[in-house]
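This is the structure I want to talk about, given as structure tokens.
As written, the chains take the letters A, B, C and D, and residue 1 is the first residue of each chain.
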């Protein structure tokens, strides 16, 4: 039972003072990082040809470590009051967002042995990149940003809805304006959506652009409205940070009389 | 009279607790959403060929529902004290922004039977997309964003005017710089405006760009000034959100007498 | 003397209640606006061919009006205590930013009779567009934006300097990286500056882009640093607006005890 | 000893009232500025051909001045209590960020005499541009911006990490989507990173863009997420400026006892 408890302490995020847990955290983090690098570098043709075998070995080894870590977590979690129940506790742990990411980052390696179509796997393989997301767990300052997004969730969702609306209206508008002049590029409303996204986000690749007078006129208005796509979320998030800072300072205590200050 | 009152309650935005009204709202919302999807998908050639007939039937059915809803609203509105008068009340209802959008989203379907030129109709058809705008009515959080925009209306209008000025000045400047070198692309000031919009909004399609030294010099300055086109509205809107939040919190305490201030 | 005083009252910005002055302001404003439209439209070849003569007449007439207005202002200004002195007062008026713009917007029309080279004049002609700037005088809300920019002048200047530094460093860096691979496009540091501006402002026309590995690596870093070119001025201006709003509210009086609140 | 002390006073940033030090500062600043201009202009082929010799002389002279300044600083620094120790004080001075920049901006000139490969030197030469960074030392208002960045360091670093994560995920995703359709442009994940940077920063050169349906779909999502790359740092920096301003104003009053709070 002591081993199980110690395993859980080590495998979970380190508390200050626990040296073994900290070393474990840093090691796993480094391995995740190296693995991501390996996936990226392995996609280069010339690298694959020369070091393909070595990369495959490294891939297999790191998946092994990640599997052991995943199982160790599942095995030891019952010592935590949060996951005390043998079955239900483990299921609850397994369905934490981070655990799902962990599983998905290991699974694609084992699936080919199950006789699944390889082309489907090619899309699954990129899930390994999700291992990077694990890094997020080690940052506590993520909380402030998280808090700002959560407190402004409604406004940001609404802004997204307005953007979606603008996207649909602008795509329809430009389709009707440009379809006759450029039937191949502005072939349908969904095809025009690609143009709308590139314009509203101000990316502007230049593979699609209006050529008719009407099209250019409406495209200009859409491009200018696209400024709002930056101004609104930026303003909302900025105000959220100001608010979060003021809340933290709020409820100070007066150094003279010792009473609380309601901001 | 009871039926009329009940109809009005159902057709208008639901108050909490009224189940029939809520089901009606969600149904209409779903139908609007499906209809928008149908318009978008219907613009794809291959979809039109296969499911064109089905989409036309769905179009006709949904327009029927929207028409019934529109007429039901007009018929029942007299039970509301706001629109009590038989004629003037209905006219007032019909001229609410939302009612006009409702009507414009139905009308294009009936207009072809009036023998109007079809090409003109093609532009009108895209008005059906305005049905999407109806969705906005169901969001109450729209109010904060609305409030911020209204309280900052003057500054935002002024910023727009400054942008318009910058647009005209930059278009004229680039036209005089580039016209001699690229008479086909920078053919006139209005034609150069397309370049100015693409540059000031930082979209930059790449279909038009200066090639002369003078043109590149002024274009650089214009592109840098274009940053202000994002900084100014973003700053104004951000300050508006901060202000709106602080107003909500208001109720400070006077440092002299200790009583609450209703700001 | 009475006529001179009345002229000055009419010609200067209207005070509330003075009807003649207001009508004059609106008329001049409309004429300026129409004149700008005429300049823009006149640059279109087909319009110039058909209505060129009419546009020239309109041009001559509006310049006449603007000249009369300019001279009327110079003649009548001595009734204002600010410009009381016959000569020095008029000189001071003539050197107000707005007066210089007024003069520059008329002068190009008279200059051709002086036998000056016409090609030089073509650049001067675009100064007529400065008439648009006169519109700014009529907006009082311009003051808040002006105030924010003035109170943040130092920080914004510093940001501009940082941008300039980034521009020079990135241009030099990319020049050394890309010159060997693309000697025609990345031909010199000044030529590469055009790429830097397009990248740092995120316009990205696509007429110049790195192709070497080193070039793409540094260009990526530069493009990401370019985000700061939006974040810094936007943050500074946003904070300026928040500050301006709080200052306006500051120095309220407590409704209970009547004492001033230092915010 | 007096000469050494006076040298240090002159060579270091001027204190108000010391005229000689100020003249020295402005002279060095001007020379740095002229030198940067010379480097930029010297990269233009035609300028190099005509004034190449003169530029080389100017280069040699300015490097001489910068060397004398650098040595004077090293020699005289021992009069400052901060660098009192003969050897350790001088080493500490030499390792100040500004001193390293100073040295790196002189060194490339002397290195060719050491028989080092000239092609390697071509990359080193651009370090001369670092002289521009020296200008930063002369601005005291840099402090506010510095302070904002330092107080928000953690959040900005986290945002950078999120950007890095987004960069890796989006590159992998697009690589798997587009590699089959465009094996030459989307050849590997590192190659796709160039596309990701251009899209997330909304530069969008147009040299790489997805053509498959899947690729365009994910690219749209990535481009929209790219808005966050502007909204997050802008919001954080904006909040930092608001906070810095309020701290300056601080010194609120306790609502209970009326005494001042040093925040």
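Convention: a residue touches a chain if its C-beta (ideal position, glycine included) is under 8 Å from a C-beta of that chain, and two chains touch if they have at least 3 such contacts.
Just so it is clear, the structure is predicted and the values come from calculations on it, not from any experiment.
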Touching groups left behind when chain A is ignored (all other chains fixed): one piece
For chain B placed onto chain C, the superposition rotation in degrees, Cα atoms, nearest 5: 90
Separation of mean Cα positions, chain D and chain A [Å, integer]: 30
Whole-Å gap between the CA centroids of chain B and chain D: 42
Distance from chain D to chain C - Cα centre to Cα centre, in angstrom: 30
Shared-contact residues (touching 2 or more other chains) in chain C: 198, 202-206, 230, 234-235, 238-239, 242, 262
Contact footprint of chain B on chain D as seen in their complex: 202-206, 234-235, 238, 242, 252-256, 258
Partner chain C, residues of chain B touching it in the complex: 154-155, 158-159, 161, 165, 168-169, 171-173, 175-176, 187-191, 198-199, 202-206, 209, 216, 219-220, 223-224, 226-228, 230-232, 234-236, 238-239, 242-243, 252, 254-257, 259, 261-262
Touching residues (chain side chain B, partner chain A) in the complex: 36, 39-41, 43-45, 122-123, 125-126, 129-130, 132-133, 135-136, 139, 141-142, 144-145, 148, 163, 193-194, 197-198, 201-207, 229-230, 233-234, 237-242, 244-245, 249, 252-253
